[in-house]
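Chain naming follows the written order as A, B, C and D, and within any one chain the residues start at number 1.
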Amino acid sequence: MSSEIPALVADKISPRAKELLAKVTKFVEEECQPAEVILESQIPSDPSKRFLNSYPAIIDTLKAKAKKLGLWNLFLSNIHYREGVALSNLEYALIAEQLGRCPVASEAMNCSAPDTGNMETIAKYGNDAQKKQWLTPLLNGDIRSAFVMTERFVASSDARNINLDIKRDGNEYVLNGTKWWSSGAGDPRCKIYLVMGKTDAANPNPYKQQSVVLVPHNTPGITVERALSVFGYDDAPHGHCEVSFKNVRVPVSNILLGEGRGFEIIQGRLGPGRIHHCMRSIGVASVALELMLLRVNDPNRQTFGKPLSQHGTILEWIAKSRLEIDAGRLLVLNAADQIDRSDAKGALKNIAMAKIYVPSMALTVIDRAIQAHGAAGICQDFPLARMWASMRTLRLADGPDEVHMNQLGRLESKKVKELAETYKKRLARTEQLIQQMGITLKDHLELKAKF
Amino acid sequence: MSSEIPALVADKISPRAKELLAKVTKFVEEECQPAEVILESQIPSDPSKRFLNSYPAIIDTLKAKAKKLGLWNLFLSNIHYREGVALSNLEYALIAEQLGRCPVASEAMNCSAPDTGNMETIAKYGNDAQKKQWLTPLLNGDIRSAFVMTERFVASSDARNINLDIKRDGNEYVLNGTKWWSSGAGDPRCKIYLVMGKTDAANPNPYKQQSVVLVPHNTPGITVERALSVFGYDDAPHGHCEVSFKNVRVPVSNILLGEGRGFEIIQGRLGPGRIHHCMRSIGVASVALELMLLRVNDPNRQTFGKPLSQHGTILEWIAKSRLEIDAGRLLVLNAADQIDRSDAKGALKNIAMAKIYVPSMALTVIDRAIQAHGAAGICQDFPLARMWASMRTLRLADGPDEVHMNQLGRLESKKVKELAETYKKRLARTEQLIQQMGITLKDHLELKAKF
Amino acid sequence: MSSEIPALVADKISPRAKELLAKVTKFVEEECQPAEVILESQIPSDPSKRFLNSYPAIIDTLKAKAKKLGLWNLFLSNIHYREGVALSNLEYALIAEQLGRCPVASEAMNCSAPDTGNMETIAKYGNDAQKKQWLTPLLNGDIRSAFVMTERFVASSDARNINLDIKRDGNEYVLNGTKWWSSGAGDPRCKIYLVMGKTDAANPNPYKQQSVVLVPHNTPGITVERALSVFGYDDAPHGHCEVSFKNVRVPVSNILLGEGRGFEIIQGRLGPGRIHHCMRSIGVASVALELMLLRVNDPNRQTFGKPLSQHGTILEWIAKSRLEIDAGRLLVLNAADQIDRSDAKGALKNIAMAKIYVPSMALTVIDRAIQAHGAAGICQDFPLARMWASMRTLRLADGPDEVHMNQLGRLESKKVKELAETYKKRLARTEQLIQQMGITLKDHLELKAKF
Amino acid sequence: MSSEIPALVADKISPRAKELLAKVTKFVEEECQPAEVILESQIPSDPSKRFLNSYPAIIDTLKAKAKKLGLWNLFLSNIHYREGVALSNLEYALIAEQLGRCPVASEAMNCSAPDTGNMETIAKYGNDAQKKQWLTPLLNGDIRSAFVMTERFVASSDARNINLDIKRDGNEYVLNGTKWWSSGAGDPRCKIYLVMGKTDAANPNPYKQQSVVLVPHNTPGITVERALSVFGYDDAPHGHCEVSFKNVRVPVSNILLGEGRGFEIIQGRLGPGRIHHCMRSIGVASVALELMLLRVNDPNRQTFGKPLSQHGTILEWIAKSRLEIDAGRLLVLNAADQIDRSDAKGALKNIAMAKIYVPSMALTVIDRAIQAHGAAGICQDFPLARMWASMRTLRLADGPDEVHMNQLGRLESKKVKELAETYKKRLARTEQLIQQMGITLKDHLELKAKF
């Protein structure tokens, strides 16, 4: 299905980007979506072989096709990255929406998380040696990567709590601790971990205690303990893994940016990545709405004398879903445009809004679609239940909704001082008017109360 | 407060429009808002003098100032109207947001409903004589007008039910029936009614039975029976009136567009008007959020040891309100832009979305602000309760939410045919792939089920 | 309409109470509801005569009838009050539901706020002289009263902030300060104020600073400054008043219970009163649902070819409203029963739940009814808009929802300690089982994590 | 944890039932919950061995213990069934709440779906031979059963659409068709299917076309095609199965009740079963709230300087969850009591309310608990994600919410006629009053409008 480009955006997409968008749309529709079931059939059902073992062969076919078509690494905007392609964040956002329509599309075009965020991070903060060793093969799609940050026994939503120990020992860092939700670490192609931990736990500034270190997956002392399931899905072979580090040693040159700069890195990497996630989620929600439309118009599914689509409630579900998807799309595109105009920092509020709004919205839309499908909606015959589970993680990943809500509330509250000034001036002007007009206000008392 | 122009919109506003917007913003802030309490003091408290009697003198002062500043009739876009100003609907939308911030601002700049819709209607469908007689004084702000359509004893949300009788008798039309919610008919300056009724009740096509006739307010047989209140507010002197017509005679030349063309007229007039309403509502919601911000940061209002703003729930209210207002603004601006690019018909879905989303959203934001103000929020000391009441009407005016929801659902459902085609092709492609790859799908059965 | 007594409650209502309930129901239906419009016609429309001037004569007629029928002071349960009638709180709750169906019914049977709470307070905390002087005429319905507590410039939802000054001067207390939302103070029959203020602002225990003093309405120094409106309604002649106290002197014998015991008093009086409010609100919501049922089944109100009641969305509104009203009724009745079994303190959580749930629920039900009525729902032709406004105050009166939510959350959290104990034992038992069975758990690690 | 018996219910539970409830509570807490992980470890991970193969051995241990304690078949009330135990539905409802706290508890006490409904069905409609053959071993817990009704290619929420073909051929019925969501058919102990299909598709009365036939699981022609997953969970070995019937022959004596009486059967079996489901769901939601309480009070999980429980939003989650669970419990208990007082038919509205309210409520509570747990909440380390998935099915099982909403709306609408009568009388009484009092109502017009 062609992307719905809102009126406000239409003129801001270059002809080249429009062409790319059309190619991506076609590629998703004609190559990726038909391959979904084949991909599923290529993942072993034997639980002992689902991770660190193989990956679906069709991925390589799709990647080769995408590369040939020039549909490769489109996420990396040359506005912010030397290695990037000539696409604005706004333009790529529309492409990401298409990618979201099919679980295999992002990887097919080398645009899948967490690689994208990791590539951005290395591109932004890595030195030339680091780039050569890890960014190049990642950009080529030869290897994959993991961002290894969250920990099980602390409240990771406040990143200051992260406390895997990174101790310097001569020319090496020694890592000890356990991580979980290391997404992608189950894939046999995952060769490099970006690991966050504490190099300076005693630093009085809690934002200076953390560092990020590049750790090859096969460094001695690393064990992938198990894969976590999301609702009942294990997302093999990608996987969300618990990984332990026991005296894992890497050369000090593997540090990214420098000691104590972990916070800088995680803050820098999140902006555009969140926008990508959000736009993919818009794509997911759109597919759910399409499935709902098809289902409720199925002539074989009449209840109480009329097709489901004739029931008023169902029409409302469709209307609300359309509305909510479109509102979400505009919020995300506006945030993407704001990033292009300033940077992720200047778009902090816009990104927070998109991050808060979109996953919940998508969950609502998918849930309506599930309800419209009846029991079929919750089983493996439709992608809806899996979509829902995957979307549910996004209300937690990169910080739970509540953290972003709090941040947004605080940012908005910064206006108070200026507001108070304005309202005071207004009151002064009113009093001036009252005197000029020589009138007496019966409720002068109330007037004062208003401010 | 300056308007928040979203990133997506910034480049689409001409320098001239930006200048106008700045002037409007300043005029609202410095002239209109300080005058609010004075205006209230100029409305008689004696119930027998609130309607068809006088209007607040300060209005004329403000109108004179606005005219001098060139802030006049900005609602009428020259994209669609010869008499209009050089502003796109998108540009005016941002101006309308500012107008919404203050109840007196729209009228001060001759941009208030129902005059705006009536002027658009006469400009679009009136002949030269009609324009000369009524459009000119309306554009000058010399008179006001009413749109007289809704009836009490039928379900007016289905306009085919409207049944005031309009019978031709020689060179005259004779009107008999009763209307209500004729907004503005309580104002002594209201000189002209646009009355909808049935000229041809027997027409088998229910959309050809209705006509719109221009009826001077003082035509014999017209009685303004009473004013309706809105949650206790009578909105004097404007008023929402019940008006009876007993053998009211007007020349046949007073018909607008022609007999049986009433539906055409009401459909034609609603698009941009709804956008204006929505953007004004965005302005209303923004003021409510500002008031909430000021209140919860009032250092004198600590509860349980901390200012209200430190309570997590309140921060969420602020965050959600900011988010919802911004989502609403984008939806409306996108609809306005779509009208500029095509016309109201091409923007049907976008207008419906804005019309559904914005009033409910504004009610939610205002309600949060009320709750944050405690009992002060529901009384006359703050504008919040009145805002809420006025916003509540918008979930019913121009059709209740449910009608628009239904329409939006039906419009979206038109995609089904194309969708079914696409999904069928996708399935065919999958089967082709399966054969090419010589694989057997264990769950081929499921594959089929997916479509 | 007869009260819907839930199955769980049926056997708990004595025959005498059932008979009373039937009589009340009949009296409300046949005497009170038909008198509503007459009552309205007996309130002067001239704003200067609406307060402290007259009250509707029909009230006295209704009171006389009610007294004769023995439908008098039913709110005062003899379980807790010597002066009370032989009705449990549970039984009276069903009666209060009926009272809520009609704005005039409570007063007609001498069961209206704030008199009920004030009578309970004096009955519970007053000495014999105080009872003789004020409780007797209140119980007779000869006078009315006000509870004068809330203040405008502090956050009254935290009652410790209340700070009207009460200074002892010899044998007198001298009151200085301003109050607002003194409900009932606008009625010419209101003869006695229960005023809360600070007698000991310097007390380190913030719960010991406050006292409640009985102040006759005509004590020199008292001025009723103005009436506050609720949305657009002024609730004349009852009124929600702003009242100032300037050197108002009362004998020290007018103190209730004793100096510094204000908190004790306000905490003691709220339990059953909240239950009454809630049950009346259930009655209000029931009327709204009835009006909705009548409206959507009006054969003259077809839209798009079918009566409103055939639209799926409307049926859902009816179903949800029925469900929500019934859930609310059960919550309130259960709280009332809990008060009967223990006392208000033992029912703290139940009362909080009722107080949080019911007003919001009623607002939702009324709002649906308004929407189903179209514009008719928001004007004076139906009681819905007024109901809504009056119900909206209950999300703030006696503390905003958020305060009760917070309290309920804290009460529930007290379980944590016992819970932790239980879960620990369970884990121990699991480990014992594992050993007994001689099995090895592959995911023993996860097992630990669960607790 | 002990069951929270609401005040309204306390006196309605017999001492014997209270003793049983206490024993059940203890058994669940001390035997069932500690065994959960052991049970999980006894289900093979190899996908080819999860169904029709084995079942966890610990189940038999638990069943033996429960039987010995007399905690057996408590679901079958002797109010309605000769074979039943001396417990009212209300009393059993409290027990079912405890069973819901642990996934293994219901089966341990032979109270698990779909066996319970099937036993009720055979007890109510089966003849002596059928009872002897199937009811006896089911009541003994020797075998299990499935209710085989839903079909994949029709909208089963309207049961008239069910169309598996049942043709009589001499002394046999021949079954042809495919079913799905046959819950329990994956268990190797499942020996008997209750199959619904059409024996008389041509009958003009669509409610007479269906019959229910008893079909032994190993009858030739039956194939269990596959197990459906629920959000990734396959619920092995129980399973939700797709089952095909190809020329499956059973003697005509296997029909239940008689040809064409299928509707009677499915309507008769649902009432108490829905109550059981609902009360178990209350138990599930209670566990989720407990887990949330434990998590947010975990001293190791501070964010931004305070434990999660100190964040206002979290306290609101706790308060709302407590409130919603308690409201749901009262709704269900009231419905159970209503069944005891009349029968399932007399409790139609109450059952519908419980069925609509409880699953959605439980989903909300669980979702809050998940959010409070962060990523831990969606994985296998806590039961929350699985609870959510399982609860989600209940918004569809036994008919989607929307069907029950519709039914409830229609039942409530039956009041309209009586209501209209009442309101008419009230109006007449008002007019009488007006005349008696000799007054003129200024707004007599409005008065009329009110009715």
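Keep in mind that, in the parts below, contacts are C-beta pairs under 8 Å (C-beta built on N, C-alpha and C of every residue); 3 or more make two chains touch, one makes a residue touch a chain.
Here the structure is a predicted model, which is why all the values come from computation and not from measurement.
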Message: I want to confirm something about chain A and chain C. Since they are copies of the same sequence, is their interface symmetric in residue numbering (over half shared, so same) or not (under half, so different)?
response: same
- request: Compare the CA centroid of chain C with every other chain's and tell me the farthest one.
  value: A
Inter-centroid spacing, chain D versus chain C (mean Cα positions, whole Å): 37
Task: Provide the C-alpha centroid distance between chain B and chain D, rounded to the nearest whole angstrom.
output: 47
- request: Specify, in ascending order, the residues of chain D that touch 2 or more different other chains.
  value: 152, 311-314, 316, 376, 380-381, 402, 405-406, 443, 446, 449
Message: Touching residues of chain C toward chain A in the complex: what are they?
response: 152, 225-226, 311-314, 316, 443, 445-446, 449
Task: Would you tell me which residues of chain D are touching chain A in their complex?
output: 45-47, 150, 152-158, 161, 180-181, 228-234, 240, 300-304, 308, 311, 313, 370-371, 374-381, 385-386, 388-389, 392-393, 395-397, 400-403, 405-406
- prompt: Mind pulling up the chain C residues that touch chain D in the complex?
  reply: 1, 6-12, 29-30, 33-38, 41, 58, 289-290, 293-294, 297, 309, 312, 314-320, 322-323, 326-328, 330-331, 333-335, 337-338, 340-341, 347, 349-350, 352-353, 356-357, 376, 380-383, 402, 404-406, 408-410, 412-413, 415-416, 419-420, 422-423, 426-427, 429-430, 432-434, 437, 439, 441-443, 446-447, 449-450
